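Here's a structure for you.
Letters A, B, C and D mark the chains in the order given here, with residues in each chain numbered from 1 onward.
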Amino acid sequence: MSNVTHYLPVLKNPLLLRSPWSRLQKRFLGRPTSFPDYFQNPIFRKEDQAKLIENSELSKLAAVPVRPPAVYETSSVYHDPLVNKVINHVMEMGKKKLARELVEKAFENIKRKQIERYHLASSPEEKAKIILDPKTVLHRAIANSKPLLQLSPIKRGGITYQVPGPITEKRSLFLAIKWLLEATNEKDRTIHFPEQFARELLDAASNTGKVVKRKQDLHRQCEANRAYAHYRWQ
Amino acid sequence: MISRSWRNLCRRYSQTVTFRTTESSPSQHNEKQIGLFYSVNHDLCKQLFAYGGLPKSFAKQTKTFTETAIMVRQPALDLIDCIKASDFNKPVIRYVMYGEKGSGKSLTLAHLLHYAYEEGYLIVHVPWVSEFLRRVPRHKEMSNSQTREGFVDLPLDVAAWLLHFKTQNQVLLKNTELKISRDYVWSKRESTVAGSPLSQLVEHGINRVKYACDVLDALVYEIKQLSNSKQCKTFVAIDGFNGFFCPLTRLHTPTKKKVKPEEVTLTGSFLELAKNDWSNGVVVVTADQLALPDDHQDSYLPRYLLYKKGFELLDPFVPIEVGRYTDKEFLSCASYYRDRLWLRGPPEIETELKFTSACNPYKFMEQCAPL
Amino acid sequence: MSIFIKYYKSGGLNVAFSNKIWRYNSTSADMAINKGEEEEEFRVLDILKKRQRQQRRVNRRADVQPDRADRMPTDQNWGNVWPGPKTFHPSSVPLPLRQGYVPKGQAPPGKKANAELMKIPNFLHLTPPVIKAQCEAIKQFCTEWPKLLNSEEAIENHYPVEIITSDYCHASPSIRNPLARIVTLRVKLSTLKLDQHARDKFIRLVGERYDPETDLVTITADRCPIRKQNQDYVNYLLTACYHESWNFEEWEREKMEEDMEYYNWDKNPSKRSLVNWYLKTQNQSKELSDEEYSNYDVSQIPNGEEYKVAVSSYMNDGESEGTVEKYGEAVRKLLGLPQKKVVS
Amino acid sequence: MNTSALRLVQLQNPLGNLLSPALASQIHTSSPLCRVVSGKYRITKKRDRPLTYEMANPPHYIAHRKSWNSWNTSNLKDGLRRSETAVEDEFIRRFMTGTWHGLVCSEVIIKRQFNHIRVAAIIRRAVSPTKMYFLLGYTEELLANWLQCPVTLEIQTVDSFQDVVFKYI
């Protein structure tokens, strides 16, 4: 029951409007849904709805047909689009419940570790430095492991060059999460996923660890291959 | 920065509600302290619950929270009132605690154990019956009983339990007034003479694991005798008592025959304690859905969980329901969690958690974990 | 046939040929030939031998009667015209009926030569005046409805046994539908006026035919070929069960506690433990036999009666939060403990 | 041809159910359904094919634009004597068309109530009334004898086939 209750329909806000929502929130559907194209995505966050009411755009959208929100799109207080994204990345074979449990376990581990560290810290300054919120840890970890450049293979004169180039925001987010999960899965069989994931997140949040090193390696190689950069347009 | 200001916010928020009481002696608790947390002394905790007694998830929390704090709740106070009002010359009164999964039966029992310790009871505490009967590690020590035909001994488990008994009652057992009334001959060389202290009997059980189960039988008999003769008063607490009445245990004899609970010697000994043919004592047991196989967990009410056998054994007993949190308790618990940094975020989160956890203490704790 | 006649008329040359064929032809053609021979007319040479289109003789019968429907008087007795069930016939029904699906704007086919009207079952023989007349005719065989049986309750009171049979819409060479032989008997158990033992035995005898929720006993029989036989059999079964349930057999004394259909506190270990407890509080210790236990007077134990009621309701009404609470209250009173405080 | 092929196969392999799947799938022992063409008529070039109302409405219009030709309780759920009724009806139809040779202008309608069989049809007045009366009695008598239940013939007469024609296609 405890797992289902997060997404109780009562929490879903019935006020469904068109969403000017961030990239994370958008639903990319691989196949056509049962709703026609002109159906808008729902606006389910109270903040957004309040903003709409403030800008008095509500009446404009009142007559527009809207899709129903998905189960994970709730107006719950602890809703976080990035966490949802990570859960979806962790998920295998559509076992979302399991994926969510794993990520939540990882959060719990982070929290326990940080609280322990907090109690060990002697001075108030040190205590203030410790991030206790696991979601903040996750946000920082992902921000720290996002690459700024990427290498793309381009064939010129029969030789494939690794050419550095800019990276889109979406791809860098994808790579960050992917690397975090890959780093987590390089573990002994005896260590459980949540434990290792917590460790990796904490490492990345403090700008150390495997993932950050991988990012820096990429940056370094981009720097080294700077000479090939013109192949991108020639 | 954000987290710091949040924390300050949380601090400020938590200060508005009192959630702690400085009264750390359970015998002094009264209605005013309902819903408040009191912390148990660390050493005492170690003495009482070193070998079990606190649920695992709660023990983990105590480590994270760096303290053992138990909420004063209505059922425990009710039980303490009843104990205070009861006549100790009459046969012992049996109390059965029941409630949904995760509603805090074991913690209420822990609270009562603390009370019993303070009041100087001799504590006979079984942390979790299914630990004996239903939890089967790879090498479970089992042997056929030497003294009783067709019965099964669990010598290691019983020895571990005797150690638990010894640590819980280490103060009382030093008292040499507690003497045994009968001669016990274990083998040609070993025997315990009448008049030797009770602690010697327990020691014997721990050192000579082979005789642990027989020692347990003897111990139960002696405790009854001592209580009847007013030498000590006894507090029997058995968690997951209905585990003794399930149709089958998970144990197998070497011939692959499934063992029934009544074929295990320690069952007989503990059931003997739950009878009301002795006086000057208190028996508190819990009926828990988790102690039974999955197919018999439809209701949390005592008659269903105890089966007919258990009901007839305990009848007349006093049923005591351990329910979900009331509003006040929930609020105080949430403030406590905020104080212990276990819960953070805007205050609306509590209304949501209250709804999603349905005020179930265990679920509330679980749902706070990833926040 | 007519072709050959035509040839002759136009040509008349090939008489021999014609004669040959006449043998197969009717006498009327023969007459025409004779006639032609008498009045010889001017013969036109028809080179192309253009065929003369001649109307084929329509075999219209002169004796077809005019439609009967047109000649019916308006004040006739319809019941006599159409006395029983019959397939629709347009000449008997003086109504401008039409039946059939046609594209928009057209009129549906009329009643004559309309197979659709013949297919559908009609109720022309059951017009209201006819029904009324028939009811009048049957009335002499009916008796009056008893005045006292004016309500469902009264009927149930005087005729508790209900016999249920079914008739079926049926068509086959045999007029008996095999399902129509099944007879069901229903009776409320409370109307049989059984005592406790007989009631218990009756329920055990009828087994699952008794529904405790509605208190109905339902006996169904289909083993005989005729309904009447089945009905007799059902009545026999009810009678036999009724009388058998009043008999007390010797082996019924062996009934165990587990066989009881309700919780009898006096015979249960609960009472024994209560009595034991009471004796112990009085510092008496004596062994009682089973008889003494069950006959022990509970009223001398303070609050014992209340405890008895609580336990019985706990067991008989099923376990619920309410019954557990009541039980708890009773036990606390019995043991002299303070009642549970209501949490504010 | 179907049956002979089947017999051939059965001779080779006395157990019918042991046919090889490829062979078994090619042998029909029942008549084909022909859902697309059965009960439907093609339009002629000259638009002169006469259709009665019954023929003008294809089978899927039964119970919508036209009703059934056999009325009995065997077709209902849990009806008795399904196959017998169907075979008897077919027999009655064939007997009627054969006995009233070239005279039956519509389908033969068979209605059964209890053990009573009503046979209705539209008949051309091409024979003398005397013959018709004879045929009527003859049909009723023989059918009643064979089917062992009262049979009533309820006929309507028309002048010619033209009277029952609904349209030309």
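Keep this in mind: a contact is a pair of C-beta atoms (placed from the backbone, for glycine too) under 8 Å apart; a residue touches a chain by one contact, two chains touch by 3 or more.
These numbers come from a predicted model, not from an experiment.
The mean-CA centres of chain B and chain C are about 65 angstrom from one another, to the nearest whole unit.
Chain centres here are Cα averages; for chain C and chain D they lie 31 Å apart.
Averaging Cα coordinates per chain places chain A and chain B 44 Å apart.
Note on chain placement: the centre of chain A and the centre of chain D lie 73 Å apart, centres being C-alpha means.
Chain contacts in this assembly form an open path, with each chain touching only its neighbours along a single line.
Pairwise chain contacts present here: A-B, B-C, C-D [touch as defined].
Chain C contributes residues 268-270, 273-274, 277, 280-281, 307, 311, 314-315, 319-321, 324-325, 327-328, 331-332, 334-338, 340-341, 343 to its touches with chain B in the complex. Of all residues in chain D, only 52-54, 57, 61, 64-69, 71-74, 76, 80-81, 85, 105-107, 109, 111-115, 118, 120, 122, 125-126, 147-149, 154, 156, 158-159, 163-164, 166 touch chain C in the complex they form. The touching residues of chain A, counted against chain B in their complex, run 1-2, 5-6, 8, 10-11, 76-78, 103-105, 107-108, 111-112, 115-116, 118-119, 128, 131-134, 136. Within the complex formed with chain A, the residues of chain B that make contact are 2-4, 6-7, 64, 66, 340-342, 344-346, 348-349, 352, 355-358, 363, 366-367, 369-371.
Looking at the complex, you find that chain B touches chain C at residues 31, 34, 74, 78, 81-82, 85-87, 90-91, 93, 98, 276-277, 299, 301-304, 312, 315-321, 326.
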